[in-house]
Structures are given as structure tokens and as C-alpha cells.
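Take a look at the structure set out below.
Residue numbering begins at 1 within each chain, and the chains themselves are lettered A, B, C and D in the order written.
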């Protein structure tokens, strides 16, 4: 097969699997929808984490902004369900991207682990403010409007929405990494001083790349809020201890700084997690902690890195 | 803003807020010593810091239930955590020393989840407390109260800080630790067993956290999920104080305590945490802008 | 020849230590100018001041008639001043070709132009330059896997890719295999002659700098000690003293 | 690219496998399967455990009594659990899994209002009746849900009784309730804020003035800021609520700082074991509770509250807090309604539940149109001499409230 032939085959395989899944095994539609969300999470995290060298613990902030923006539009705009949802998702993506544009120049000037901690701080502030601010429901959260379709239709509808978003994200980052901007953020990751000395508009590129991640995360917020049905500031929107950390883990697990690594990491992580939940009642988090330690300590380059290393030693 | 009026009407309350802020901050500072030590010597940011505090608290709690007073329980907690520290070092930490800092953050995050969930399974999530049996002191007609247990915490923070400095200055191990912090490779060339230095450093950190945990159980409460509170606050203290600045740690700790109390009073408790972390972000951004003035950046 | 870079009375102190005191030098357009001096005499500090790594305390630095002493590193670079580092700085995780592709001039770049892929012409130019420095055979290797000397060559090639007007080279031959040094000197000269790039070179290897530069400045203890043609500098007793005194 | 295709294929295979493994085998012939996602880990795990124990004890005892008879055939109760980790996103996902993958017949509530809120849209959508004993937020019962029923009193009732006691006692002292000042320090979550709203509504009714209204953040471990305000403004009553942590911190810090308030009212005292923890320092605190084992209700399976408490203690080795009792009652409602419906059909069972009018050890249960239990009332304790004394409602009172509490130096 030629190279393009293979990518066409891969694309068809993903499309068929993705489209058919809710019809083959309808009972896991929600979990599968979350799988696409996880892929989107780790792919977007890897834009700044793996490819740009800015390890963020706060990307969940943009997701949360998207969740709330969409919920507020749906609640207050008076539009019909689908129009409100569409406008809400747009608003969520825009609000998230805007906040990245505004925060970016200051935040992305902070390097290394200080950046990681500053972004962590950002997401904690957001979670606390969201649970104190009456207008957005404070700690009581917001309930998403009821889906007008048939039973089981809700899960399917949002499954396809998230599937489409995940595919869009994949295509977008693939295009991004091929462009000169991709080269630029890689250069920033490898040696930001050098990149500056060579005249790259480092701040501009960093902020732009972060905003793309934010845009996609913000767009994912609306569908997830509606899929879950009830928006809790700490457990869903700004869920730093779960989503916020998972996005990092999945990318690291699969192999950060690669195109397929985050995808593979997300699939393996999500499936493992579902299995833990089913079979290790109460102990699943213990297993999760152990798994994290093992991944980070023994497979620091992720699954892809591990495979590549085994190949080179075998050859 | 009515809260500000209250404060203006009764300035004595300001004294109460500042004093208790300082005393509370001292316990954060205690945890921060260990973090600064591990960070400075091993270049590891330990996210499991708060979980060691929690474990120390449980040791003191179970000893107390078995009839052993916290006065004796706290040293035992320190000892137990020392052993936990050595064990953790040899199983996990030694494999991440020298790797990039992000690895250490993730690995210790894994340890923290592991420990808190194990605690939940083994000890249950019940809120536990240890009674100190210590009374409170009153000043200014009862408007200022200082629970003696807070004073104990403050004294412990100062004493541990002093001991730590003395240890690092005078003992052979302390000198080895300082040498390793300066330049690990050179230290190895000079015949220092850096592996042992790291193990000791990490274990000392755990011991300090263990002792702090005992104080936490006596002053507030312990439960499996309290770790992050202490990790984040000690992190913030270390950032503000700067690495390798042990006396700065206690000042920064006290400062943090005061700021939290004042923020809670003026803005309302619901914005207390948000304010503190907003401050963290502002400090990081601000320090960076300050450095950028000289065309430099924070690293 | 007009003056491209004009450093006038620049002072820089770090805490109490004076690194540069009232340093002045001129780099004529199209020339190769040398900067020598014992270790710690403030050569790299002067480079950093020019490149925008840190602000200067007093004095002025003019490039093509414009004051640049308050600009930051990327802005200075986009004006056409590119510097290499004593310790190599390359994009270690990327292969040599990608290192080159991202080193095109950035003065005209917009976000939109960054969204396109590298053109065939750019890649062609990258390969040419890699060939020029003798790294064509290693073009697919990650830069981090190259030897120190090879990284220096790559850095030089990247600098050429950027098509600067002025190239600041910080000890280009240090750590390079002695057998290759002559070839490198030759390439520096060709870059100057064929590409019209003005060079300001810090160098410790006296043989190299005497051969390369048309005019040489000598710094000692942060002050400009002497300047002149290679021959004058070689015979200047103060220069000899400075070197002997320092070692 | 070849490799990525293979990887992808492998990934698909893994997913498919996981799916196969993840679906637990559906229930056997003569069992009724109830599904519950409860908090076994995370911030609600204490009460989550109480809930699970309550469910398990009910299923065990009902099964020992011959199970549930439907159309002449005896069914055994079986409960499938998941751990929602105290997070609502997880809860919603797990309930969908219970319904669509594990094919449970009915759903038992999770612990807490937040989680119940997250779950109820799903049970509604699938038309699966859910009886719950731990989601007390009033917001749950204003949305027109058809399949949601709650055995407990809504959370705004937790401390309402304390407000009326305050007003009554003040009147007895010859003070106008309008002159009373109250302080509120209640945790920033769904349930607790509803407790707060109840207090505020009743306080307004009496014309009391709310001088402090703090929301305690979830990671709070120190109440100095709030208590300092209390010292300054000297309210007549301080209302603190924030699950177990709120009760523990409230008692501990009020005592340590010797903050004097004539009335201190809390929730979750018994599950936080404040008398065991703090001894004398807990005295005079008022505590709202759903249930007390000294009540004189009667029950078809357990006999009465005392016997329930004994059995519970013998089984799980701790005194049953009300969270366990209301969970047990939840299962009883199902057993009762299914038997009356004579069918496992969800719609029929739903109607049978709606028509419930039964007496349990937990109290009388009768649902209004919105699904809340309107037959039962809350209990208000006061800790007197380190013991819980029921001071309201009058019918079950075992003592008189002491108000105002003595000054600290007189205790």
C-alpha cells in the first residue's frame, strides 16, 4: 500500500468504528463518548505539553469555561434546544480561546515547572470562584436542559458530537504539526533561548498554540455538560483532580510529543480505568495511583517510546 | 465591605486574625521546610507532601487511641514516617532523581493518590481528631484567644527549623547533603554516597511531615483527603521564600496564614481559597515581569 | 564601507562586578571583525548586550543607524543580528533538516504564513547549507545526537539560513575537531564573501582569528585594551601582557 | 502509517474486549436487581459507606423474611454497586451503565444531593423508578420528576427547628424575636446551601437579622476568619453545617477559641461522633437529624428503631447514623411497592411507590406529588451532659432545650 493509501485505510477504519460503535454496542455509548472526550483531552494537552514543552496542569480551565459558557447560553438565551446548544458550543469555544489569548502572554512567559504550578493555581481559582458565584449557580451547579429526543438518543447525539470533535481535533493538530508553526513550537520546546535568538515570535506562537488547545477544549465543554446533564463546578467543569490530571497522564502514557501517542494513551487509559471501575470496587483509585507511578517511573517515554526502543534494540 | 467596617470598629480583631494567621501558618511552614529540602537537594517537587502529613496524623491518632499521649505520639509518627520515606525512596524516588522535574511531579502525584486511597480503604474516611487537652489563652477581654495547641505548633516549627539548620551545618551528613545540593556530580567524585544522601533527605522530609501531621490532628482534624491543602500551601511558601532559604520559609508561612485569615474575613470564606491561589498566580506572573525588566525570566 | 554596528561607551555591571566599562567598537558592513581577550574579560557579556540578553547600564548600541540597546532578543534577531553560543544551542529533539527549516528569517512572518508547510525552496536551501557545513549525511539525525563540534556546525548553518546581516559568532572553533578547523575558517570566509554577511567573531585561537579577521579588538578586565589590524594586535605588548598576565 | 493502522486495530480490539468484560452478567431468574452508585471513595465516602451498609442490611433482612412476593413467587433482592468517587460526572455515567448494561430493575439513590441531581435526569429518561434516602436538596423536587422518590425530609428542614426553638426561647425570656441576630457559616455545596436557605427563610419569618453569612469552601480546615466575626458581632445563634467536617471543626474551634454564642446549631453531629471526640466541649450544641433510634415507630421487618440499631450495630460494629437508616427505609419502600404492584414492570412499580403509605422504623412514609416524603418530621437534639437529648418535635422529646447556653467559664 502506498503511504497515502494507508492513511486513507486508517481514516476509514476510524470512521467506521466511530460511526458504528453506538449501534453495535449501544449499552456503552456514554463510555465511548467519554473515550472520544479523553482523546480530545490528551491531544489538546499535548499541543502545549508535549510539542511546546509547556506542561500545563490547568488546561481543564478552558474546558470548564466552555462548559459554563454553553450552559449559560442555553439557560439565558431563550433559543430552542438545538439552536441554543449550537450557539452555546460556539460561545464556549470562543470564550475559552479568548481567555487563553488574554491570559497567555502573562502565563506563558513563566517557564518550566513554575508554569505547571501557575496553571494549576488558575484551575483551582476557577473552581473556587465557580462554586461561590451565584449567577452561575455557585456550588449548586447548573442543570442542563432536557434533551428533546428519544430515550438513548441523547447519548447517541452527544456521542457523535464528541466523536466529530475528536476527529476534528486530530486533523487539526496533525495539520498544525506539519506547518511551520509546528516547527516553531517544537523549537520552543527544545530551546526557547535559541528560538528567541533566531528571531521567532515566541510569545505569539505560544499564545496561539495554547488558544487552539483552549478553543477545542471549550468546544468540548458544551456537549459534555449536556451529556452528563448536571454541571458541578468541582466535579465536572473544573475537575482538576480528575480530568485535569488525566489529560497529562494519558499523553505521557501514550508518548508525549507525538501525534498518535496521546490517542493511544487515551484509549489505553480510559479502557483500563473502566475495567478498574468494574472489577475493583473501592480499590480502583489505589490501582490508579499504582498505575501512574509505574507508567511515569518505568515508561517515561510512553507506549510509543517504549515500542520504538524495543524495536531499535531488537534490530 | 461591611466586613471592613467591622474591622475598623474593632481593630483588636485584626490582632486576633494576624496572630492566629501566624500560628496557623507555622504548621504550613513546617511542611514547607521538608518540601524546600527535597526540592533543593534532589530537584524533586513532592506532590505527596500532604499525604505524609495525613499519615503522620493517623499514627498519632491510633497511638492516642491506644492510650499513648500525643507528646510521645508525635516523635513516633516522625520515626514511622522516616521509615516510610526510606522505603519509598528505595522503591520509587531513587528512580526519578535526576529526571526532569515534570516526571517527579507526576510520579509523586501517583504516590499521593495511592496513599490517600489506601488510607481511605484501611482507615475509612471518618474525620479523626486527637484531643490535645491544652487550654486556650485569653487577652483583651476575651477578644483575642490563642489555643495553646497552636503555640505548640508554632514552637515546633521554630524548633524544627533551627534543628534542621544545625543539622545541615554541623553534622557530616548535613554537610554531605549541602554538598550534594550544590553539585551532585562533584559530590560523588569527592566520595559522597549521594544515594544515601538522597534517601536521608527524603526520609527527613517525611519525618517532618509526620510530626506536622500529629499537630494537625491535635489542632484541626485528619482524613484521607486532606493532603492537597498542605501540598499546595507548602509549595506556595517555598516559591515565595525562595529555595534554600529556611528562615524565609517560616516568614512566608506565617505571611500566608495571615493573608488567608484576612482574605477569609474580608472577602468571605467562600473566596478564601480562590484568593490565595490567585495570589500564587499573581506572584508567579509578577516575579516574572520583574525579571523580564532585566530581559530575564523565572526558571 | 559604512559602519553596520556601532557600540559606544557601553558599561555593564553585575552586582558589584564591572563586566564592561565604556566599551566602544565599530563593525564595518561586510567586514570580518575579531574580538579577543583573556577569559573573563567581558567578551560574551558584550555579545549578550548586543543581542539583547540583558540591558546595559549606559552607552549606546546602534545597528544600521538605529539604537537597539533597549530591544529584546527576538526583536534584535529580526533586525538581522544572529548570534551563536559558546555552549551550543540547537533544537535537540528535532532532526537537522527541521532545525534548518525553522531557521528561516522571521522578520516578515505572520501567524498566517506560519500555518503553511515549509516550501520546497526552503527545504532545498536547508539541504544546500547542510551540505555547505558538511552535515548532509547526518541530516535526518536528531540534533541532540550530534557531537559537540557537529552541533557547532549545525548552529552555524542555522545562522546562515536566517540570512542575517550581522552574525555574532562566540568561539566558532572551540570544541571542533582540529582537522576540520581550516575548513570551517574557509566557510566563514565564504559566508562573508559570497553571502555578504558581516561577521563579529569571538575567538581564542590566535592563529584562526589572525587569519580570519581584517580588524581586531582586544578586551581585558572589561575595558577595550587595543584595536587594529591583526599585525598591530599581534605586536602590541599590552595584548601580550594581558594574555600572559591572565594565564 | 502501517504501524498506526495496526495500533488502531489493536486499540479497537482492546475496546471491544473491555466492553465485553465490562458488562457484568445480568440478574438470574428469581431475583430483583437493584442498582446503586454510591460514594465509596472521595469526600462523601463516610456517608457513602453508611448508605451502602443501610442498603445491604435491608436486603439481607428482607431476603431472610422470604424476599419480595410478586404474583405468588418469592424474589430475592440483589444490589449491584458502583463507586461514583463522590463525583457527579462519574455518578451519571455509572447509573446509565447500571440501567443499560447491568439491566438492573430499579435504582437506589446515591449519597448526597449533588449526586442525586446528576443521576435523576437519566433515571427519568429511562423511566426507572429511583427511591433515594440521601438527596435532600429541595431543588430536586421542583423539576417535575416522575420517577424520583425521597424517604427523607428535604435539607432545608435540618435546622428550621433550631430557628423556632431560638424564637420560642427568646419569647419566653421576654425578648422580641425581631431583636435576634443570627450568624450562618455553611459549606458551599448543594445540600448545605439548602440547609442555609431553610434557616434564612425561617429567620426572615421571625424577623431575625442575619449578621454573618459565610460559605465555607470545600477544602477549609480552619474557621478563624468566620469565628472572629462571630466574636465581634455577638450573634444570638450560630448555624454551622458542612457534613462531618463542618460539625467537627465547628465544635473544635468554637471551643478552642472560646467563642460564646447562646445557641450553636449543627448538622451531622451523630455521624461525626462529636460527643465521643470532644466530650464536654460538645455540650449545648443543637443538632438537626433525620432520625433517632429512640423514636417509637414500628416496622414490619425490623420491629422498631431500637431493634434496628441493635441489629445494625451487631452487623457493622457501629451505631447506625440516620444516613444508614434512611437508606434502609429506601429498600423497604421498594419491597413494599413491588409486592403491591404485583409486577416488576417499571411503570406499575412507579405508581405503586407513588401510592405508598407505610410505617417504618425510620418513620411514616407517604409521598406528595413531587416525590418527597411528607409524613415524617425531623428531629432536633441538644447535647446535654455529653448525651443526645431529643428536644423537638415535642412528641418524642426526651428533655427540654437549654437556652441560652452557659458562658464558657461557667461550664
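Assume contacts are C-beta pairs under 8 Å (C-beta built on N, C-alpha and C of every residue); 3 or more make two chains touch, one makes a residue touch a chain.
This one's a predicted model, so the numbers in the text were calculated from it and none came from an experiment.
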Lowest number of touching-chain links that must be crossed from chain B to chain D: 1
Central subunit by CA centre of mass proxy: A
Most distant chain from chain B by Cα centroid: C
Inter-centroid spacing, chain B versus chain A (mean Cα positions, whole Å): 32
Rounded Å distance, chain B centre to chain C centre (Cα mean): 48
Rounded Å distance between chain A and chain D, as computed from the means of their C-alpha atoms: 35
Inter-centroid spacing, chain C versus chain A (mean Cα positions, whole Å): 42
Residue numbers of chain B (touch at least two other chains): 117, 120, 228, 268, 270, 273-274
Multi-partner residues of chain D (each touching 2 or more other chains): 41, 188, 215, 217
Interface hub residues of chain A, defined as touching at least two other chains: 128, 131-132, 282, 285
Of chain A, residues touching chain D in the complex: 1, 3, 6-7, 9-10, 13-14, 17, 25-28, 30-32, 34-35, 128, 131-132, 138-141, 143-144, 146-147, 151-152, 154-155, 228-230, 232, 234-236, 239, 242, 260, 263-264, 267-268, 271, 274-275, 277-279, 281-282, 284-285
Complex contacts: residues of chain B adjacent to chain A: 45, 92, 95-96, 99, 101-103, 105-107, 109-115, 117-118, 120-121, 228, 232, 235, 239, 268, 270-271, 273-274, 277-278, 280-281, 284-285, 288-289, 292, 297-299
Residues of chain A that touch chain B when the two form their complex: 55, 106-107, 109-114, 116-118, 120-122, 124-125, 128-129, 131-132, 241, 245, 248-249, 252, 282-283, 285-286, 288-293, 295-298, 300
Residue numbers on chain B that touch chain D, as the complex places them: 3, 6, 9-10, 13, 16-17, 20-21, 24, 117, 120, 124-127, 129, 131, 136, 138, 142-143, 145, 147, 149, 216, 220-221, 223, 225-226, 228-229, 260-265, 268-270, 272-274
Partner chain A, residues of chain C touching it in the complex: 51, 72-74, 77-78, 82-83, 85, 89-94, 98-99, 101-103, 105-107, 109, 111, 113-118, 143, 158, 162
